[in-house]
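This structure is in structure tokens; I'll ask about it shortly.
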Amino acid sequence: MTTLIEVKNVSKRFGQVLAVDNCSLKVEQGTITGLIGPNGAGKTTMFNMVAGAFAPTSGTIWLNGKNVTGMPAHELFECGLSRTFQIAQEFSSLTALENLMAVTGSRSEESLFDACFRRAKVVRDELAVRRKAEEILRILRLTHVRNECAGNLSGGQKKLLELGRVMMADPNVVLLDEVAAGVNRTLLNDLASVVESLNRDKGLTFFVIEHDMDLIARLCDPVIVMAAGTVMVQGPMAEIRKNPEVIEAYFGGGTAMGRAS
Amino acid sequence: NADVKVGFLGGFTGPIESLVPPIFAAAELAMKQVNEQGGILDGQKVDFISADSTCADATAASNAADRMVNSEKVTALVGPLCSGETIAAANNAAIPGGVLLISPAATSPALTGLDDKDLVFRTTSSDAYSGEVLAKILKDQGNENIAITYVNNDYGKGFADALESSFKALGGTVSAKEAHEDNKADYRAEIGSLSASGAELLVVLAYVDGSGSTIIRQALEGGDFNKFAGGDGMVGDAIVTNIGEGKLDGMVGVRIGNTTSPGTEVYNKLAKDAGLDPNSSFGAQSYDAAFLIALSIQKVGKDTREGLSAALREVSSEPGEVILPGEWEKAKKLLAEGKDINYEGASGSHEFDKNGDVPGNVIHMVVDGKGFKDAKTQ
Amino acid sequence: MMKVLELRTASLLVGLAVIVALIFIWQGNAYALRMLAEAGCLAIVALGLNVQWGYAGLFNAGIMGFIAIAAFGSMLISYPVNPVFWQSEAPGWLLRMALIIAIGGAVTVLLSRIDRYGVPRRIRTMLTIIAALATYMMAQNALTPAAAIIEQNSGFIGGFGLPVGLGWLVGGVFAAVLAWFIGRITLGLRSDYLAIATLGIAEIVKAFLKNADWLTRGTLTVSPLPWPVPTPNEIGFVVARAAYLSITAVLIVIIYVLLQRGWASPWGRMMRAIRDNELAAESVGKNVNRRLLEMFVIGNFIVGVGGAALITFGGIFDPSGFLPINHTFLVLIMVVLGGSGNNLGSIFGALLVYVIWTMSEPAALILFRYGADWLQNVFNIAPPDDLATRALQMRVFVIGLTIILVLRFAPKGLLPEKIVKYE
Amino acid sequence: MNELVFFINKVVIAGLIIGSIYALGAVGMTLAWGILRFANFAHGDLMTLGAFIAFMLTMAMPGLGAYVGLPTAFVVLPIAMAVTALVTILIDKTFYVPVRKTNPKPITLVIASFGVMLMLQGLIRLFFGTAPRQMYVGSKDIYRIPFAGRDIVITEPQVLLIVFTVVAIVALHLFLTRSRTGKAMRAMSDNADLARISGIGTAHVVRVTWIIAGSLAAAGGTLLAMDVSLKPDLSFNLLLPIVAAIIVGGIGQPYGAIVGGLIVGFTETVAVFNWAILLRPLKPHMPDWLELPANLTFVPTEYKIVVPFVILVAVLIWRPNGIFKGKVL
Amino acid sequence: MSLLSMRDIHAGYGGANILNGVTIEVEAHEIGVIVGPNGAGKSTTLKALFGLLNVSQGSISFDGKEVTNARPENLVRAGLSFVPQEFNVFPTMSVRENLEMGAYTRRDDFRYLIEKIFEYFPPLRDKHKQPAGELSGGQRQMVAIGRALMMEPKLLLLDEPTAGLSPRYMGEIFERVIAINEAGVGILMVEQNARQALAIAHKGFVLAGGKNSFTDTGQALLDDPEVAESFLGGGTKH
């Protein structure tokens, strides 16, 4: 097993707040690694740094053995890293279908020159992209709103589009930030299967932030627990559940735990 | 018989917008007299229409001129007034349309060299000469060291350059010469820079309604200067209203015009009777331009653009019986008899040279009480 | 729904055609053609702005500056050569200045990078600033005498006497290069900041062109600018203007077709995606800043070509004549009224707004005259003397009213952006 | 010493005055910008409108000032402010509200404000003509404070201007941070929908915002016109420096507007100040070969108008949120 | 007479109607839970109730008064509080100010309430001066709920209050909801954590395609295999 993402001694400070405090962690190739922790633990901040939304205050981040600290998000995307946002970020005046089609066709195809003077090629490529997008919409059960502007979709539908964009991208590593929040449970079960099969069949690596313990338990191994900006423990879900510190910080007493599971 | 259409172009909006109405009124006065004294040609009326050429915006000026030439189909044009817009209007509409154009106020030397098929004339002399005269007046009054501030356009710059070189040639010092932008709220910084030069008199080459008044007021308030001089853009009684009576007494100004020509006195009276200020900048020139156009049309004998400029040269220059402002009936009669006439206008005798320019004539003005007065009559 | 939209487009276009036809009748062929030719040039400018505002959401409020610089570029290329200048010693001086700028600029750039070789940043910054200042002062020193000589002997440096078409192209390139520099600095900014920055930069450009007398003749203006077709002087108003109009029309068609192709392609989709959400676009591999810069530069190239054509048509290069109301706001309104994001809308908007703009003056005059008569006859109130003058102020009012009415009744423009729907 | 006084007059006082003018214009605009989330470009013309209203009131009762011992225009200022506030609200009702209903991008409202700006300009010129007018009935007081051989000069309207600006801004700040309505205004600028859900009557908030913006605009315009003179496009010419001041100070920050205004004002005066004059006293002590140039300025006066823009662009690059960390809209 | 009764509501965003006949009734002592697939119209229902979009057909009454298409600020005064699903905090205002805005319509001294909310959600106490826009997703959610509680409403509307909250706070929220409800406040909430929500609900409403498709007690819905299969994510676990 090779290490795909390695975070070494990373810290991030926002003014007075030290959101991530000298954190190190690894995501191995081919795993679905979970990242859990109380609200405000620094999970999203960690994701943002790995995905290049901003650079860490200190420390380094490695992707596939390459130092990618401070590399902008679009270059990381080209390196095969793809992410979703906790708070949905849709292209609001594009239709649902276009939201997905906007993902591929990046790089060379998106040139004004081609569009003007090499139209046959563009048309051909578009057809393939569109087929794929339609297929993903079907999986996400969004086909009926494919021509609706994304800005007019419901909260959950927007979250689904987040996932759809990742599926369009053909990445090797995917960061999912609470995709389940707001998604109907029946649909979520199907989506979990999709994630599993992508992982199993295509060897995609997933790095998942989630508060839904059922989902984490079903998908993830190992699970990393963050609290107050640091990594608390790491291990398979079964072990984590028993860890008293984690119970104290995260699950918070037996009753809630019982409800959550 | 249809009326004869003559157009007037002026910057009714824009940097000289308050100078324009009296200029327009003077031209209108000429046309009114024509209409009252039996009309033009065979008793037709002159339909004198106006359009806004904005002074600053060449596109708008050519547009307005174009509408005059092509849509209104005027026979001739009075104006525009600023030099830039005059060039634009001439090149774009008047010259290709074969329309005679007489500007009463465009003073830039650049107009002289225009390739104009002998269609572009002006009843005012160029700034170069005004600058020379002002330099001489200032030097004669014993000023040795002056500062110049000019509005940053062709008028201001041309005038300032002429003034500077003449004043230096007379042995004076120009310790500062700086441009400023029109229509700002505050010129203290510029005035500071000018007064730092140590000059004792400030020459303001700008417009009364634009920066001119503001600069003088702020210079007075700040105690930076108490002696001022100005070019024709400053010669308007509004300046005293703006700044306060008594504060500017003795301020020197120059105005293009004529005091020796017999027409001047006649015009002064005519203007006063009509409720106009005979001393307003370019009023007399504007009257002359309009009157000359009417005379030329009468000379040609029909409402056409062709031959108008040739007729203009004939009616304006010697030999011929002298026609003074307001003497339309007389002129018409003489022309009908086939006699030669020579218009001696309100602002000069208008012997146009081959470029359509007239020799300069500059009046020394001075502030006294409520406004500018002719220095000689004082 | 689709049908309705198309019906609307068609009826609007027909309506516009009728208006234009009426103007031909009312104002005569020559004037109507002039209006169309100018509107055509402005339509090109509007297309350029639409690329920026409609496609990429970049709010460029400095159109005036780009038009001005492009007009200067076009003037420089196409205006006849000024032999007096070339025979004087001034070109040598200018060459010296260019060398100083080149060397000084190179040194400054190098110095700004020495922190990579371990020099502390603070020292680097200081050295860079010193080098830049020194370059500025030395260049200034070289320029002052040269400028004085030029202004005294030959007025200004003149042009190169090359074909006008080349001039327009170079004008576009000038605008694009300026856009590149501005974009490099300001594209990190949010949309309305960009608007204000460009608004300011346009004034800076204008101030430079207005005061660099040796280069542009400043306030003394340059005219007549050569035309790509024979001028009215040579072949009469109607033919000359019709010829000019057809050239602009061809340009419009070319630009329109290319932009339409771009719009319907992945490139257009990407730009709209960036416009909607930069964060998400960045996360799906779009190099947002580079793409925005691309748009800004392409857009301003088009603006430049249109601007050069517009000023050439007017025949005079007058730096003081570039006014925000004519050259920025008017174009802005054209795009908004037409429907931002819709190229046909921009062309339509350009024509309609320009018609309103030019016709509001005579129309207001007529209206005011009727109004005055009416006052006089019905109420026996004497209208103010300067009524005609005051009527002219209505033009500004009318254009303001147009904006408000459009935003009120067609907030997305008369021909709104079409949502791309796949069946 | 003479030179020092000169410096005080030309840089310190001149900068202070023009800076206050910019600041007073900027305060109202920055507030509306922060709360209603768009740059109201009609603000400049609202200033002019307010000044014209004050002018008409002054002409209607010229003797009023003499009773109080203040210039008439200043005495009638509250009425002018109230009338302008009313006009501003009407403008909002007829022009901005319908646009706002369509839930537009902020820039759409900016464009709408261009429209209102042009309409106001047209109307003001239509009704008042274009000639400049004086706001003063008599002559204005000029205070000359003798200091080291030369007078420090400041005029009555300038003193009023500075005092008014300081008072207005402190009051405004207290209002915004302490009062319920002030907080509601900020809430609304953050998230109008949520503000409605919290029970805030948004129409009321908008009205209060416009009242403040409109009345400050009237005050700014009147004081400015008292210092200079009243012209239809007076304030419009100030608009860009005002916007520069706002951005330098941070959008939505009244204190920022003061600082920004002063920075822009001082930079303008310093940039064109002739430093040679300060060196002149040293002349006797300098070696002969060192000739003092007559003119030693950072920026030639003809380039003065670009100074605010250079500051603006510099601030946008160096600190886009302004000195006082304004809103990122 | 129910505290809230919405009958046969039809409403939309301007285009076609999204809601085509939604009926919901909640009593003062009840917890009502709305579940359903994404895009079913759950949030739209709450927005329609709160006067944020136009109801074209049907009627809403609250506390005995007719409130169809009433203005939000009046509904707030009448005792209705709403936590929207998205954009539910004032990002540039501090946490404390956010809470204060929740009590905008109150004239009394409400500082004790802020204390109470800090006790519910301790992380907010540390961050009370921080702008809400800088909080983590879960912390924002706490602020949003806190803000709504500041009014001490008669009926609290919650749109997915637990989305993004860690299990600990999710548990807390459900407990709080029960406690609030026991204090006499009616609750109407939309939840995707449908199982837990229905477990505490007195009434459950399943929406699909803008219509009620099942309405029953919470427990009954949990036990209904059809509901469980198509809306709750698979067969019953209990």
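Letters A, B, C, D and E mark the chains as written, and numbering starts fresh at 1 in each.
Operating definition for what follows: a contact is a pair of C-beta atoms (placed from the backbone, for glycine too) under 8 Å apart; a residue touches a chain by one contact, two chains touch by 3 or more.
Small disclaimer: the values here were computed from a predicted structure and weren't measured.
With contact taken as defined at the outset, there is no chain that touches subunit A as well as subunit C.
With centres taken as mean CA coordinates, the chain nearest to the overall protein centre is C. Interface comparison, B-C versus A-E: the higher number of contacting C-beta pairs is recorded for A-E. Subunit C and subunit D, compared by their mean Cα positions, are separated by 30 Å.
Here the CA centre of subunit A is 49 Å from the CA centre of subunit D. The centroid of the Cα atoms in subunit A and the matching centroid in subunit B are 75 Å apart.
With each centre defined as the average position of its C-alpha atoms, the distance from subunit C to subunit E rounds to 52 Å. Residues of subunit C in contact with at least two other chains: 210-211, 386, 393. Shared contact sites, meaning residues of subunit A that touch two or more other chains, are absent.
In subunit D, the positions touching at least two other chains are 125, 300, 302, 305.
Of all possible chain pairs, the ones that touch are A-C, A-E, B-C, B-D, C-D, D-E. For subunit D in complex with subunit E, the residues that touch the partner chain are 180, 183-184, 186-187, 189-191, 193-202, 327. Interface residues of subunit C, counted against subunit D in their complex, comprise 59, 185-186, 188-193, 195-197, 199-201, 203-204, 207, 210-211, 325, 329, 332-333, 336, 386, 390, 393-404, 407-408, 411.
Contact residues of subunit D toward subunit C in the complex are 38-39, 95, 98-99, 102, 104, 106-108, 110-112, 114-123, 125-126, 129, 240, 243-244, 247, 300, 302-303, 305-306, 308-310, 312-313, 316-317, 320, 328-329. If you check the complex, the residues on subunit A that touch subunit E are 14, 17, 36-41, 43-44, 86-88, 141, 145, 152-157, 159-160, 178, 181-189, 211-213, 249-253, 255-257, 259-260. Considering their complex, residues 13, 17-18, 152, 175-176, 178-181, 183-186, 188-190, 192-193, 195-197, 209, 213-214, 217-218, 221-223, 238, 241-242, 244 of subunit B touch subunit D.
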